[in-house]
Amino acid sequence: MNINRNTDPSPPFQNLASVVARLRESREGTHKIRHRGHIRELPSRSTVKQIVETLAGVLFPTHYGRADLHDANIDFFVGDTLSAALSALSEQVRRALLFSANEDLESDPDLPAKAHALTEQFAEMLPDIRAVLVSDLHAAYQGDPAATSISEVLLCYPGSLAVIHHRLAHALYRLGVPLLPRLIADIAHSATGIDIHPAATIGGSFFIDHGTGVVIGETAIIGQGVRLYQAVTLGAKRFPSEPDGTLTKGVARHPIVEDDVVIYAGATVLGRITIGKGSTIGGNVWLTHSVPPGSNLSQAQMTSS
Amino acid sequence: MNINRNTDPSPPFQNLASVVARLRESREGTHKIRHRGHIRELPSRSTVKQIVETLAGVLFPTHYGRADLHDANIDFFVGDTLSAALSALSEQVRRALLFSANEDLESDPDLPAKAHALTEQFAEMLPDIRAVLVSDLHAAYQGDPAATSISEVLLCYPGSLAVIHHRLAHALYRLGVPLLPRLIADIAHSATGIDIHPAATIGGSFFIDHGTGVVIGETAIIGQGVRLYQAVTLGAKRFPSEPDGTLTKGVARHPIVEDDVVIYAGATVLGRITIGKGSTIGGNVWLTHSVPPGSNLSQAQMTSS
Amino acid sequence: MNINRNTDPSPPFQNLASVVARLRESREGTHKIRHRGHIRELPSRSTVKQIVETLAGVLFPTHYGRADLHDANIDFFVGDTLSAALSALSEQVRRALLFSANEDLESDPDLPAKAHALTEQFAEMLPDIRAVLVSDLHAAYQGDPAATSISEVLLCYPGSLAVIHHRLAHALYRLGVPLLPRLIADIAHSATGIDIHPAATIGGSFFIDHGTGVVIGETAIIGQGVRLYQAVTLGAKRFPSEPDGTLTKGVARHPIVEDDVVIYAGATVLGRITIGKGSTIGGNVWLTHSVPPGSNLSQAQMTSS
Amino acid sequence: MNINRNTDPSPPFQNLASVVARLRESREGTHKIRHRGHIRELPSRSTVKQIVETLAGVLFPTHYGRADLHDANIDFFVGDTLSAALSALSEQVRRALLFSANEDLESDPDLPAKAHALTEQFAEMLPDIRAVLVSDLHAAYQGDPAATSISEVLLCYPGSLAVIHHRLAHALYRLGVPLLPRLIADIAHSATGIDIHPAATIGGSFFIDHGTGVVIGETAIIGQGVRLYQAVTLGAKRFPSEPDGTLTKGVARHPIVEDDVVIYAGATVLGRITIGKGSTIGGNVWLTHSVPPGSNLSQAQMTSS
Amino acid sequence: MNINRNTDPSPPFQNLASVVARLRESREGTHKIRHRGHIRELPSRSTVKQIVETLAGVLFPTHYGRADLHDANIDFFVGDTLSAALSALSEQVRRALLFSANEDLESDPDLPAKAHALTEQFAEMLPDIRAVLVSDLHAAYQGDPAATSISEVLLCYPGSLAVIHHRLAHALYRLGVPLLPRLIADIAHSATGIDIHPAATIGGSFFIDHGTGVVIGETAIIGQGVRLYQAVTLGAKRFPSEPDGTLTKGVARHPIVEDDVVIYAGATVLGRITIGKGSTIGGNVWLTHSVPPGSNLSQAQMTSS
Amino acid sequence: MNINRNTDPSPPFQNLASVVARLRESREGTHKIRHRGHIRELPSRSTVKQIVETLAGVLFPTHYGRADLHDANIDFFVGDTLSAALSALSEQVRRALLFSANEDLESDPDLPAKAHALTEQFAEMLPDIRAVLVSDLHAAYQGDPAATSISEVLLCYPGSLAVIHHRLAHALYRLGVPLLPRLIADIAHSATGIDIHPAATIGGSFFIDHGTGVVIGETAIIGQGVRLYQAVTLGAKRFPSEPDGTLTKGVARHPIVEDDVVIYAGATVLGRITIGKGSTIGGNVWLTHSVPPGSNLSQAQMTSS
């Protein structure tokens, strides 16, 4: 976030000091943003972005890593960049742990060691994550008539980027790391228009085509071999609220999508309903109740004037 | 926009000079893009992007500024980066003023001073902008059951980014600065998929969830405590056109949304209609007429086959 | 994709070598991603991004090039950056040609010369591409009541960015360059939310407003003077599949949109149908059959509760 | 001079504000460093360094410019980078003019125009500067038995770098630009260990071998075809001082070296003396009186113990 | 030290793994370079270089800081960059303390706190360091007839850079920080050719002109108002050695130079001798015995052949 | 060499095109700088600088590589950066081979393969080079009473940098690579003030203290355990010249320095003479004849006035 300074000096802003003072007052007046009364170190979005890009290069070195890799140097590349990514991740995990529900954690002198151990566990999961991602890539290649090679799927499909981010974010979520998974999900959302909550459970051979506007909610569960198109929502129908008006957190409120379901563009599926195995949901369909396996739903025709 | 030059020299392109000449002809043949016959200095998108990111760090230093801030150095950071941002902004405002309707402005020797004065006024507005943004963040925290902290809302929600950009762009719009507000809005649109025209009037405690595909038009007016979901359109129903076929500019043609309205995903609200206070508009609803306070609209069910 | 190394040394990750080894196993187990058994050089997304940005500056130097241009130096800028862009493009074309269907190409010693010749041909097309883009910009200015100048259209409209990328990608597609056109299309998709397949044929004076969620399929054909709004889909209705379940590639399966058609936000147009000249398709309309010239379709009203 | 911020937050420095205040006091107590009581814009060393490197690329494009140049694009490169260098130089000249003896200049509204005119004049001198530099390069190639090509002389000889900087600095000196010539000379001094005052007059076919420790004073005059080795000093013997103890400025006090003189390593030549045409001065010689043309001086032998 | 990767893939180096293995063997065979058997974190030269440049900007903001400073923003700049520099310095001090003679320090859990406390002390010394540096600048202005302003002395004199580095390095040396002072001295040496050991004691109003080749030894003591020219050595005459042949460390073995001494270019002063107040030592003089105050030494004339 | 463009547009330079044209004329008039009539690709100084810095990190990873290395990741770092350095070096070697005496080489289609093979051979030499460098570091530690650790010698001694560069440059020289060795030597010269011709033969345990102004000529031969101080010259006494006045290339004309010789600061040793084993040459001594083993030379005392 470095700003390029003007090379040509400009006249001073006379009210600079007073604006700075008023901004300080504003910060102090909204002290609830602070954590328990003092400033808390925060994960860095740009660092997390670099970490995920580096991990993508670790998983698919010739596609997301570097152009000069071959059998003689590829493991050196993977090892060196993985080491750097894990080291940076460990620090971000430490900061994220300050956001855990356990209030005593912040002053825990073992916090760096806990972050390090979680990062070690995460590293162990990477080969399995890669295996699932390979199934996703093949599903995309088979599922899009416009796809001409797996390399094209990896390099040119927003769905590939979204699913790589999701599987990494979800692994951190399962390890109990707060905040970071959401940050990774939002980084993917910004790049692809695909918004997958990191807590969502998604099976292998998953493919999202085009993708802009897709939303997959926190408690959604998706089976094997599911295919989604742009602007599909797997959302919540209603939100129970607390007495203070805040919406209740954590209730299972998003759909269950069984294996081999296809959901076409713009379909809206809301609530803790189940779409049975092998169903097809047509474009723009609005669905708020469960449907049995093998269902085939489509929208009524529009009238033309 | 620096391109990395090939490290390995390649053979020359023999038609280079002729392509350059033909491009010059093309530029000269389309002289209407030029301003009154000569080249006009333009605001720089990348500089404006840096300015807005820096201002976000000025407003929320620990979230968008730097990781090493504490009570002893935070005001130094705020003052130094605010100074740099205002200085850079003043130059961009000067260039933008060349696009104002007042044709004599371009040769006005006081243009830099006018730009500087507008930037001073803008700086004075920052503490109030921050106060409204804090209300927006609390609205998001209360309005999303998946949100676990205000920090998460600030770091991971595209709606936060969009509303920060909008409130800065809108302040410049109100000061009469041309072009820059639109540029800021488009920068936010590219990052979030949320397209808010900088002229739109939006009250406090505003929250957009997910956000991809949201469009809020130029003359829209939104009250306090409104919540929108992805793919909501607050658009125009029809565009009156001039005799030459150009659409007429500046007519009030977008909805008025009163306080405490919720509009769910994919709803389309068109024309200068009013949605009464406290109404709920269901997902995918298509609405082209006003509704009274407390209305509750939902889409008809789809038929399944 | 350089990661900033931790400045503060962290403890080692003991399982680093084993994770690296398991990732190698995973890569070798999925050897189908490799090309004919060995590693194949891939185009670089970041380089292609730089090339397209540089070409945008070549086409519109004062808007996408640099702020310091005037009559005395503009051709030097155009010639120098065009030369760099073509040289970089030639190398990317060479890598992309390895993905062509012709299997003997990879070991062809003339591959660099072929890439160079294709790049020369592409350069010759740039002045004509610029002419069409100018028609697009005027269509946008005339078609959006909120647009105040052509410069605003060039700098602040995602549709401008999308159409510049498309016309460059489509030129490469017509020259038979594999993969690169898709990469360029996805770069534009990520920045704008507009997903245009590079094979789609699009006439002049084309304008997409807002644009998030627009999808234009591979075999779509669009005439002169067409205007689209956000979330419009020009898609395929169904995909015939091969005996092995893979969807059949290359069949004409997307709409033909004739001259002067307007399609409003959220409309879904599917299949090899024709929308006749001068028709208007209303927002959220779902259309799967051809309509004659001059048609005017709108969605049925929603019922309010 | 951007410092990489700590990624790992550190504890605050409690005395920060007091140190800042004491430094302000120190600055205000030494107000004589300020110019006439207020802060004066200063040339930027890093910008001037970039300008000179760019001009070196303009003069010798294939050696100091870029690797991808050929007949079809070389003039585009030269024109584009020369334009950028002159534009940046004009701003630095403007700042430097504030240091001229003429006290009224600072508030002169025509200062930018004066700087621009001087820069135009400087640009006109570049082709002649290049011609002299070519004579210098040939002198180096002929004068060093270890030199194998002119390219080696240009790329690998500190003397080449020093003389390029000097001839550019001297041109600015002759145009009456204050401060900048000294800055350029010191940039060369830091890179090469060769310290040539920009006011020194140096004829063509000049060659300094090795060069570390060479000092050539302000009023030195050097003829054609002169060759110097490392640690040669062309200095002043004594400095007359003003009544206040400050040394008197501007007096002719350095040697005149006529054509075709060779001065070997470590020789010290002091005062306004003349070394006659074609003389050879041996290594480590200490010389404070004039010598006639064709002289051949060498140091007495050391005694061994 | 990031290397730009080849954009054009090259063939693999088959012996890569064996060279890596042999280098590991070589490292393990020379384990004495390691510290007590394991790898020790080292200060970073590039980080220390940034820290010193930042501190120079803190001390002289308008000359070494930024061009856009004025009364309204200068303290914000000083505070913000000083904070960053101290934070980075504290980490480098921590690493340097691992090199202290006290072997238990490395595992001391209070090491970061000790580094932080030393850095606080260093910060307190900065205003006094600035005051001495101002005296040095005035001495240079008065001592060089070619100097035209204090700004020229600050921007264009290698002696200014050397003395700023020395005074900062010496402050750290006095605080007992190992290694870092030497690193700072060598950074200055590389930029200026002036080699001052950080332990040397140097009074105010000190000026080195030209400077290339100056060497000032570890135990040298220099009074007020001393002036040196290029290639002056204040060195040791002989080095007593330990029984194992290693030279004995830490003995006082360099000259004492009293107030107001001038030493001209190339003079060599060796051993623990004293040059009395106000003496003048001529160019190239070789001096190994003390001289009384007011002495005036010059070299014998060379004979000419 | 990218120049930062002015952010503030400046008026055009009207004579730009004519200066560009005159510079082209100047280039064409000095066609002898071109190679056999056309432009020849040149090694890149900045790339070679990166390569050498990377190789220094390969040889001494914890000192010149990165701060985050430990037993688990150090070989990954070494392998990855070595691979990148060799790949970049191979391209630079290819360009350098165009400067070989063999005129047919330039059009040799096997040139890239030859460059690759030479680079492979160079890589094989690295472990042995490292071993000799370790002996140099120990010699420095033992030879300087101010040295407190081997790490200090590696990080803070210009002599270490110079000898690392020399040993790499000399290895390329022995493989017959033209031009590159000189380029590496000049890079070291610029950073350290130490000028060692890459053809000079230098035995192990070599140490140069302070170093500014040291010059070691092309045909010099230096034994084991030699120690030099600043401003020592091992030069040629006279240069025989060709009939055309060009100095004759390649004749043995520099000193032979046998094992265990010490040469103090400023000594000048000229011609193909031999300094016998174990001799000591005093400061500023001028020596042009051979001396037997065990000699002890010192300069006569200066007279004081």
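In this document, chain identifiers A, B, C, D, E and F correspond to the written order of the chains, with residue numbering beginning at 1 in each.
What we mean here is this: a residue touches a chain if its C-beta (ideal position, glycine included) is under 8 Å from a C-beta of that chain, and two chains touch if they have at least 3 such contacts.
This one's a predicted model, so the numbers in the text were calculated from it and none came from an experiment.
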Q. Looking at C-alpha means, what's the farthest chain from chain B?
A. F
Q: Name the chain whose C-alpha centroid is farthest from the C-alpha centroid of chain E.
A: C
Q: Please state whether the interface between chain E and chain F is built from the same residues or different ones, using more than half shared residue numbers as the mark of same.
A: different
**Q.** Between chain D and chain F, centroid-to-centroid distance (C-alpha), Å
**A.** 24
Q | Centre distance in Å when chain C and chain D are each reduced to the mean of their C-alpha atoms | A | 51
Q: With chain centres taken as the means of their Cα atoms, state the distance from chain B to chain D in Å.
A: 50
Q.
Using the touch definition from the top, which residues of chain B touch two or more other chains?
A. 2, 4-11, 13-14, 16-17, 20, 41, 44, 47, 66-68, 70-73, 75-76, 78-79, 81-84, 87-88, 91, 193, 212-213, 231, 266, 284, 299
Q.
Taking the touch rule as given, give the residues of chain F at its contact with chain E in the complex, in rising order.
A. 47, 50-51, 53-54, 57-59, 61-65, 67, 69-71, 74-75, 78-79, 81-88, 90-91, 116, 119-120, 123-124, 126-127, 130-131, 134, 137, 141-152, 154-158, 191-193, 210, 212-213, 230-231, 265-266, 283-284, 299, 301-305
Q. In the complex formed with chain B, which residues of chain A make contact?
A. 1-6, 8, 10-11, 13-17, 19-27, 30, 32-33, 35, 39-45, 99, 178-179, 182-183, 185-186, 189-190, 193, 195, 197, 212-213, 215, 217-218, 231, 233, 235-236, 239, 245-251, 253, 266, 268, 270, 284-288, 291, 295-300
Q) Can you name the residues of chain A that touch chain E in the complex? A) 5-7, 9-14, 16-17, 20, 66-68, 70-73, 76
Q) If you look only at chain B, which of its residues touch chain E in the complex? A) 4, 6-8, 68, 72-73, 75-84, 87
